[in-house]
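In structure tokens below, several structures.
Shared chain: subunit A. Partners: subunit B in the first complex, subunit C in the second.
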Partner chain A sequence: MKKRICAITAAASCMLLALFSGCAGKKEAAGEVVVYNWGEYIDPDTIDLFEKETGIKVVYDEFETNETMYPKVEAGATVYDVICPSDYMINKMIKNGLLQEIDREKIPNSKNIGQQYYDNATEFDPGNRYAIPYCWGTVGILYNKTMVDDPVDSWDILWNEKYADSILMQDSVRDAFMVALKRNGHSMNTLDLDELTEAKNDLLAQKPLVQAYVVDQVRDKMIGNEASIGVIYSGEAIYTQRENPDLEYVIPKEGTNVWIDCWVIPKNAKNVENAEKFIDFMCRGDIALKNFEYITYSTPNEAARELLDDEEIKNSEIAFPDLSKYQDLETYVYLGDDGDELYNELWKEIKSR
Partner chain B sequence: MRRTKALKKMLGLPYYLWSLFFILIPLGMVFYYGLTDRSGSLTFENIAAIVQAEHAKALFYALFLALIATAICLLLAYPLALILNTMRISTHSFTILIFILPMWMNFLLRTIAWQTLLEKTGVINGILSFLHLPPIHVINTPHAIILGMVYNFLPFMVLPIYNSISKIDRSIVNAAEDLGANGPQILLRIYLPLSVPGIISGITMVFIPALTTFVISKLLGGSKILLIGNVIEEEFTLTSNWNLGSGLSIVLMLFIIFNMILSAIFDKEGESNYL
Partner chain C sequence: MIKTTLKKIYLILILIFLYAPILTLIVLSFNKSKTRAKWGGFTLDWYARLFRNEALMGALWNTLLIALAASVISTLIGTVAAIAIMHLSRKGRTVVLGITNIPMLNAEIVTGISLMLLFISFGFRFGLGTILLAHITFCIPYVILSVMPRLRSLNPYTYEAALDLGASPLYGYVKIVIPELMPGIASGFLMAFTMSIDDFIITHFTKGAGVDTLSTKIYTEVKKGIKPEVYALSTIIFVTVLVLLLLINKAPEKGEKK
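So, the complex of A and B:
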């Protein structure tokens, strides 16, 4: 009896010790990794699998836009180990010294990512030193075939009064301005005040026709037939089509934004080794496939695409578009603090009108 | 004697610490950010920014919508409080429970629920079209925002008013009736003046959250209507200009403080402590 009490006290004090030291036993060997990713941007099963295989505990946090992510990382209130920002934001983080270089030797599965995606990434990450591509895609128009009877091949449709109160715009500065700038044949990275003022006036003229400015809700509203036309990321398009076969996705002829979201490791990361393990795991063919099937955003992972059974998806124009067919595709570039401020000022004018 | 005094002070310690870390320091940070620019030097630009067309418009629009919502809440809440007062104890506690019950659910969920109800293809329009009635277009308009404010904040108006009405001595009303006062006279000359503290604290408790809200305008207004709360929120979350966000918050605080002074003058008995 006495022995048992001894054992219990020993166990209890061990647990207490573990609690206070925070790194006893198994935890010491594996530790944790703090991940900061877009909302609904991963198959939760893959996180469980990662925890099971490596014993590393994943602390998972989500953001809705690049702009909400940046100040949190900059302020450093929460220290993240792995983040998944988009191209122009990675550019900004590199320029402001928030990221550390990634040693690709330590992430052997990073060779699964197609070379063309690394080439594209050099636009915002020269020399591929900081970022490993995770997902990519285009921005386009999603429309409901039963509700729209005009041909949809141009951004102009978003200014068509016939569809007043049935148009959904993205509630994000860069995406909204991209639409207006591209429609007029300008670059989406322009800092030319005349071009931007023209875009602003166009967006102001469009506002009465817009049902709502939303981000993630475009998906649900289009599936529920709440709106007939919406600006959406290509990855959402496949999902929405599965739920509502009347929907169709189009890349407008004036060109659009091609974006790449990448894994990066911030400079102040505490668990760099675990971060590398996490990225490596996410680059594994079978895991990337699981994620692709769950979130339906195009994967740059060649190994995953090879594993795809469904020929229809494997050759889908939405999931894997042949980009050489389209003109005037661009990637966002960081515009500098002054450039950001200019865009934000103009956007505020539109929103407050 | 001295020891008990020291002990009493000690008991207050958690409260002092709480106020320090969660009220005073954050407030100090708001003032620090609001009165400095990005490089950290003193400036009043962030506060003066309120006169910029977009900010001033957002502020006045927020004031306007909050006023309407408060007025509607008052008109709905006062008769309700009177009805509650005439009920028997058992039924009135049940009615109050029904009122408080939705507040146990998350505020965001309730607002999102309204979104689903009001949408073009939403529940309400579904029922209307089933009855062959014309659909309503409320979602993404100022009407939807006011509706959301009234729905969410109505209990904050009802309870303080009910609280102050229930304290009115029944014999005063009886005396008035004996002396020949009719219904409207009793309402205007007895109930209304004696329930002013409750009305004022109700107004404060509805007006302040309505003025500062950004969630309701975002979810029910489709982000098409920018209120001052939205402007401040976006300065923090999107444009990461904390200085401007704090500066505008200080301006908003002035309105709130003004409102609270008003309520402190009238509400000496602390009706708003009901909740």
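So, the complex of A and C:
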């Protein structure tokens, strides 16, 4: 009796195993591309168009932060063909050997991407071997013209006691330290302990003035006139201005962070050819335009910008700032595990105080 | 007198704390403007958009499917397991119950990551199947937990009497034991169902590309801000649950009146 039960359980578990691993073979037929992108970071129509034009099926998956994406890719639970991480994370993935080089010859539309964005990308991708820019933007100050009467052109305004309890800071280590480091004229990728301690003390001094450390609530709070000054990503600035015309976005004169999210192909990708086709499709002018209109984050795609009808957006200083006008623009790079820990440690001291 | 008014105020305060957030969400689901900061007028547009949003509807479908399958399967396994555990020696029972309780006390992220690693080493393809397996796994202990006390209070003699009267052991179980256990099984099922619908972390680690449940789908919208379609969906779910609860609470009253 007992033996028979054992045999039955064994057989059942074998069948279960076969069932789940069996699915593996069936679905992975040629003609598929597995894409891992930020949530709400693409116009769903463009995926349909791609499927219709190429016959390649898109398996589309989304992540919410670089940090939740990384362990899933590293563990290889699902094998992705195309991923869209941010600058510093691409840097980390290159250093840890998770990416493969992209042959730009096979992605002819990649020439639509402006040279200045490739140049900026060399900071985290030396030689532009791994990444094709997809979206980009700056970090700056959003302020309410009716509530702020001082000229806003410097990070200093965030330390102005006049606006106590009306200032919004980003609740993220690197962004917060970027503000403090840039204000003092240092690199935002510094590992110099003196510079970092100075930044930490500045942030501590600023803390009583800050209404809240927030992530995406900056938008709603600024639209609703709940705060007068906030640190925000340029892509959100356009949207907030549309909702509340009193808002103005400024890139501070001390320089800031230029972030770039790029398409990359992981080393273990199974459908490299389809991945190249997908990236190529996304670089096409009309498709990039559709995505720009959906996401409202700046596109590095010059062809898409040419296609824009709305002159106001086309020449918008927020969506397409002339980067050569600003000094000390930088992109985040991966600081290594020790560097990350140092920043986190200092940030914890600020937040817990 | 003062005491009762105080009691009432206290109760109202608690209700406000519990339901104010949900009410806000329901109101916002009718807001024409996309931002919570502005009231742009009344609209049903988000509801229309919700039903046209294939990704969200797909996620809703997945969530319900997984919750239903996981709770049915884990209820079956859990009930059978509980009966088996009952028949063990006292020492065996403590050991096995200890083992089945650990997953409940374990941090979800640990369960999630270890299931992911296990599935990788088995070479499973990540998708609906792996989410379902994971959900069954973490639901079973809850079923055992709610069936066990019922089993303990069971009168063993009714079952023995059935056997004396010529019932086969299987027949005896189906006709005598299972009906007695029904309240425990039902509450175990409901618990499993809600645990499965709720779960985010374990699902996040065991899901495959392109397969989303509501919780994972909503969470990915964080970067660009949650869209009002989600408010609309939450409102519908809330109202559905409310109606179901009202119906369930009404039903036994009617029965008693007879």
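The rule is short, and it goes like this: the second predicted complex is superposed on the first by the 305 of 353 C-alpha atoms of A that agree within 3 Å, B and C clash if a C-alpha of one lies under 4 Å from a C-alpha of the other, contacts with A are read in each partner's own complex, and residues count from 1 in each chain.
Simple rule for what comes next: contacts are C-beta pairs under 8 Å (C-beta built on N, C-alpha and C of every residue); 3 or more make two chains touch, one makes a residue touch a chain.
Everything numeric here is computed off the predicted structure, so don't read it as measured data.
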*Counting only touches as set out at the top, which of subunit B and subunit C does A:Glu226 meet: first, second, both, neither?*
both
*Between subunit B (first) and subunit C (second), which, if any, makes contact with A:Gly185: first, second, both or neither?*
neither
*Classify the contacts of A:Gly336 with the two partner chains as first (subunit B alone), second (subunit C alone), both, or neither.*
neither
*Could you look at A:Pro126 and tell me whether it touches subunit B, subunit C, both or neither (first, second, both, neither)?*
neither
*Touching partner for A:Tyr80 - first (subunit B), second (subunit C), both, neither*: second
*Identify the partner contact of A:Pro108: answer first if only subunit B is touched, second if only subunit C is, both if each is, neither if none is.*
neither
_Tell me the contact category for A:Gly55 with respect to subunit B and subunit C: first, second, both or neither._
neither
_Taking the superposition on A as described, I'd like to know which of subunit B and subunit C A:Trp38 touches: first, second, both or neither._
second
*In this superposed model, does subunit C or subunit B come into contact with more residues of subunit A?*
C
*Would you mind listing the overlap between the subunit B footprint and the subunit C footprint on subunit A?*
65, 68, 221, 224-226
*Could you please specify the touching residues of subunit C with respect to subunit A in the complex?*
33-38, 54-55, 116-117, 119-120, 122-127, 129-130, 133, 204-206, 208-210, 212, 217, 219-225, 227
_If we count contacts the way the header does, which residues on subunit B are in touch with subunit A in the complex?_
53-54, 57-58, 119-121, 137, 140, 222-224, 226, 230-231, 234, 236-242
_Touching residues on subunit A, where the partner in the complex is subunit B_ = 65, 67-68, 70-71, 74, 165, 171, 173, 207, 210-214, 221, 224-226, 340-341, 344, 348-349, 351-352
_Contact footprint of subunit C on subunit A as seen in their complex_ = 17, 19-21, 23-24, 27-28, 34-36, 38-41, 44, 59-65, 68, 72, 75-78, 80, 215-216, 219-221, 223-226, 243, 295
